[in-house]
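The same chain A turns up in both complexes below, where it pairs with chain B and then with chain C.
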Partner chain A sequence: MSKRTRTAWLFLLPVLIFYAIFLVFPVLSSFFLSFREWNMLTPPLQAPNVGWSNYKYIFTEDRVFLKALSNTFIYAMVTVPVSTALSILLAVLVYGRRRDGFWRLLFFLPTITTPVAIGMVWMYLYRPNYGLINSILNAFGLHSLDWLNNPATALLSIMITAVWAGVGTNMLILYAGLKDIPETYYEAAAIDGAHGWRRFWYITFPLLKPAILFVFVTGMIAAWQVFDFIVAMTAPALGKAGGPINSTMTMVLYMYQTAFEYLNMGRASAMAYVLFVIVLGISLVQLRLFRRGGIESY
Partner chain B sequence: MRRWVVVFMAIVALAALAVSPALAAEKIKLIMSIHTDFNREGLDDYIRAYEQLHPEIEIVKEVTPFEDYLKKIQIASVSGRGADIYHVYSLWGVELAKSGILDAPPPAVKNDVRKNYVPVAVNGVTINGDIWGIPTEIDNYALVYNKRLLREGGYSEPPRTWDELVEMAKKLTRFDSNGNIKQYGFTFLAGWESAVVHPFLAMLWSNGGEFLSADFKKALFNSPQGVEALEAQLKLFREKGTDVNGSVWDFPNGNIAMMVMAPWDENNLKTTMGERYADVGVAPIPVMKKPATALYTWFAGVGKSSKHKKEAWDFLMWLTAQVQGPNQTTRMGDYLAQRVGAIPSRKIDTENHPKELNDQYTATFIRELKNSIAEPNVAQGAEIKIILMNEIMAAWYGKKDARAALDDAASQINAILAKHYK
Partner chain C sequence: MPARRAKRTISTVILVLCGVTMILPFAWLLASALKTRAELVAVPPVWIPKAPQWGNFVAVIGEVPLFAYYLNSLIVAGGISFSVLMTSAMAGFALAKYDFRGRDVVFKGILATMMLPSFIFIIPVYYMMRRVPLAGGNDWLGLGGYGLLHSHLSMILPFAVSAWGVFLMRQFMLGIPDSLLDAARIDGASEGRIFWNIILPLTKPALATVGIFTFISQWNNLFWPLVIATSAPELTTLTVGLKMLAIAFDPNRNSHLILAGLTLGILPVTFLFASLQRYYVKGIAMTGIKD
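This part shows the complex of A and B:
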């Protein structure tokens, strides 16, 4: 090993140690624990080996896990495409306008607010008896909705909030992507007589694909790990996060509940690995789809 | 050379002199792990008083919010930093005892608990047939009602039977022009597992049913008595005596006529209702077939990993068992009744705190101790209760009928019990 290489390793060492302690070790120990029955009260190495039974249990006997899996799937499949589509629309509308900085700031404001604060405010907006949204509905002669209190509408209510809160960040990324598109393409298109929708569909959209891919993949990863909005909006209103009757239970929330309320860290670790495989699989599929669409750089 | 030896010896002697008082003064440190709601004004006074009596002992409180308290115990145990003294919810005691976190109390402590505490509290700290700590706070449930709203509805007395309650709740419920309930005849306690499950257990036991088999191998709450109990709750929803949006926390606003509540809400009602607190009435939970209510317990115990178990048990006995003062009460009894606003579990404390415990609110809870049944200390108790809560709520929301909800809960709970009780 040359002196130059040794020096490089020396500089990298602090970061490698950091990642080894805070990433590699937890990831490996969690995999180890997913085959154990450990209640976090005894030394982990003494926890009995239960083989694949934690994995088997969550897929065959644990109804709440399957409910959490389906809720998370719905949440990700609705919020990410809707949020991305809205962000594209807003970015295109704002781009090139006078005072676009003001509009960008306006849409970005929810992002700098903590999810807990957003969740609390929306929870009050959704309140069945005194909430602002129901008051507006009542003012138009419509009946109140139970929003967070109704298993049929609770997840939808949280998804609306999540889209509202997330659209600003995505819009900024897409806005930056729009700025990277050379003006010459639009000038050439104008000479050829392309305007409006055709201009967007044949120039803006294809050239914006790298930014859209970034927004989509990172959004999908975050959506599969949703936790904060669910806790902030359902725990204070309903006492138990994930309610009513598990209608807003998501995988990370159930993982947390299994580990720290049911004292079953082994089963929670198995859930974490299932989530890891799902997120990895979805991300790979998205990358492949976008590569087919001409993006090679990811 | 000799001079250097003398200087060296002198330095060693001085160092020894300097260190020896520090060694002699090193105190026995007892870490006491409690949750925020138990950390009221006055606890420190007892701690300081004990430290004055025993200058060799220093007691340090570790206070954690209730929602993080069990996690704190877990993480502290795993990292080898377990406390010397714990104050825990009895249902957690099952895992804590099984995992070797709790020390088995000395025979003198067990005898004191058996002899001097109300029987239902003794059951509360009994895990797998053995006593694991000293009962402190006990909480049972009763019907709390708004006298003014009942009067306005034409009722001078609270309901005695569940059928009467349904009838009254229906008449006391008022709607606004948009069809929203503006005054609830009755509201269920809800939101966390004990809130939903304990009142259901009260009704189940009142109806002659059982929660689990004595050996914890089978769920029994889906018996005909259990289905009847849940049906009785559902009747309130069907007859519009309540709905799922009602919240017991709105009781102080004066728009809830009746609710099932525990003793710990007294201070909240006094503070938030002001003069209107005079409207608050408390009665036993209306019976189905016989009087019964549910009860849960908190207890104080010592960590098995503690290096000072004897000192920790001595302090706990001084705090909980030594009768003192003109009223002949214990320090823990005084603290619970006067500072925490909870029911103490030592017999002498339930009898000798007339000012605090025989008042408008708590007297009924004290009288109901004779009809109280302790929730069983079963393994995976939190998971079992959350499953039952979700199934009961599925029935409240009209997703399942009472039979299907309880059968579904029983099949999930039986799978858990089968793993722990073979």
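This part shows the complex of A and C:
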């Protein structure tokens, strides 16, 4: 090994050691644990091997897990497209404006604010009697809703908050993408008579695609792991979060409760692996889909 | 052109509406933190309190150790940021400025770790933290005590390296000309000296981006601090502490105090983070347009 090569590996050493201890080893142990019954109090190697029964249980008998799976699915499938579309709209509207920095900062404020605090503030905005949102609805002659207390609207309430809080980051990324589109393209399009909607559809959108892909994929990955808003908005005590009657139970929250409230580490590890496969699958499929219709086809 | 003007008006109206929606919860929080209990629950709502109840803040600080929460968050987020900065700069340097076998595999491997969601590590890492040998009353086999579970290290170590940080530092360092390094080598500078005296000063903008962005996201982190602080309350960070305001105060009687606590917990930090915007926004955008 040459001296230079040795130096390079030396510089990489802290990162590699970290990944060995805090990534490779835990990922393998999680997989191992997902086939065990373990409460963290006994030595893990002595935990009884239960085969696939943790996986079997969560998919066939565990109603709460299946509810969490479908809730998380709905949450991701609604919030991510809505937030992406909204942030495209906002980025286009803000772009080219005077004082665009002011607008960007405005939309960015919620994204740098502690999510758990945002959730708690919105919990008050959703209060059925004196909450601000119902007051506004009433001012327009609409009925009050029982937002977070009604199983039919609880998840919707959280999704609204999540979109509100997340739209700023996406907008910022898309705004940077817009800035990278050369002005000459628009000038050429104007000469060809393309304006407004056509201009957006044939120039802005295709050239913005990599940024949109990024926003969409990272949004999906984050949405499947939603935790903070649910914890903040559904119950003071963690063991009771996810209500009413599990209408806002999500995968990571249920995994947390299974592990640290019920001390069922094996089952929680199985849930973690299921979610891991879902997240990985989504990002791979999305990357492929977008690449096929990506820039190279233009 | 009237059509153009109409379009501009519509777009302004949409922006103002969305902008008001963005600012309203903050404004409501600030106003409500200064209300009496009666004003908070009044129907129709009282927008601006008649006499601002500054005493609400005093009452919260008297009841909840907000200062200790702030300090814990500072230690944890600061410690993680420092570690991420050092490790990212070193690894980024190796990946950008050295040619060696296995470099691309290592780089791709580091990028791939970004696909691994953090919840998959928590159970083994929690157990590992309890079983660290010779820490927190443990013997050399890691048995008998509670390991690092009552130390800030248990919150810092699992996040001490960031793949995103390595990626960003590498991209930035690719832009530093090799001739600069070669000139230093001819002058007899060691590789460590080159890293410390040439590379680090030149990468200040990227370091600011990685450092500030890491600090903010760790400051706002809830999941792992919650896991740790449940068994070690003295490590309660601000996020966990804010969540527990709903337990410290009876939400049916003292909501105005919970809101005062939230105000003290987020408004100063949010404005600080907002004022640092220009240092890290570019970094977020940079990852966005990179494929």
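Throughout what follows, the second predicted complex is superposed on the first by the 287 of 298 C-alpha atoms of A that agree within 3 Å, B and C clash if a C-alpha of one lies under 4 Å from a C-alpha of the other, contacts with A are read in each partner's own complex, and residues count from 1 in each chain.
Assume contacts are C-beta pairs under 8 Å (C-beta built on N, C-alpha and C of every residue); 3 or more make two chains touch, one makes a residue touch a chain.
A quick note: this is a predicted structure, and the numbers were derived from the prediction, not measured.
Novice: Please indicate which partner A:Asn129 is in contact with in the superposed arrangement: first for chain B, second for chain C, both, or neither.
Specialist: both
Novice: Please indicate which partner A:Ile245 is in contact with in the superposed arrangement: first for chain B, second for chain C, both, or neither.
Specialist: In the superposition, A:Ile245 contacts chain B only.
Novice: Regarding the shared-chain residue A:Asn39, is it in contact with chain B (first), chain C (second), both, or neither?
Specialist: first
Novice: Contact-wise, after the overlay, does A:Phe108 reach chain B, chain C, both or neither (first, second, both, neither)?
Specialist: Touch status of A:Phe108: second partner only.
Novice: Tell me which partner A:Ile74 touches in the superposition: chain B (first), chain C (second), both or neither.
Specialist: It touches nothing on chain B or chain C.
Novice: Who wins on chain A residues touched, chain B or chain C?
Specialist: With both complexes superposed on chain A, more residues of chain A are touched by C.
Novice: Based on the superposed arrangement, let me know which partner A:Leu207 touches: chain B (first), chain C (second), both, or neither?
Specialist: neither
Novice: Give one of first, second, both or neither to describe whether A:Tyr19 is in contact with chain B, with chain C, with both, or with none.
Specialist: second
Novice: Could you look at A:Phe260 and tell me whether it touches chain B, chain C, both or neither (first, second, both, neither)?
Specialist: Both: A:Phe260 reaches chain B and chain C.
Novice: Which chain A residues lie in the overlap of the chain B contact set and the chain C contact set?
Specialist: Residues common to the chain A contacts of chain C and of chain B are 40, 44, 129, 238, 260, listed in rising order.
Novice: Name, in rising order, each residue of chain B that touches chain A in their complex.
Specialist: 70-71, 73-75, 77-78, 95-96, 99-101, 178-182, 190-193, 195, 244-245, 380, 382-383, 386, 389-390, 393-394, 397, 399, 412, 415
Novice: Which stretch or stretches of chain A touch chain C in the complex?
Specialist: Interface residues on chain A, with respect to chain C: 4-5, 7-9, 11-12, 14-16, 18-19, 21-23, 25-27, 29-30, 33, 40, 44, 89-90, 93-94, 103-110, 112-118, 120-122, 124-125, 129-130, 132, 135, 164, 168-169, 172-177, 180, 196, 210-211, 214-215, 221, 224-225, 227-228, 231-232, 236-238, 252, 255-256, 259-260, 265, 268-269, 272-273, 275-276, 279-280, 283.
Novice: Residues of chain C touching chain A in their complex?
Specialist: Touch residues, chain C against chain A: 7, 11, 14-15, 18-19, 21-26, 28-29, 32, 40-45, 86-87, 90-91, 93-95, 98-101, 103, 106, 109-110, 113, 115-117, 119-128, 157-158, 160-161, 166, 191, 195, 216, 219-220, 222-223, 226-227, 230, 238-239, 242-243, 245-247, 251, 255, 258-259, 262, 265-266, 269-270, 273-274, 277, 281-282, 284-289, 291.
Novice: Chain B touches which residues of chain A in the complex?
Specialist: Listed in rising order, the residues of chain A that touch chain B are 39-44, 61, 63-64, 128-129, 134, 138, 143-144, 146, 149-151, 238-240, 243-246, 257, 260-264.
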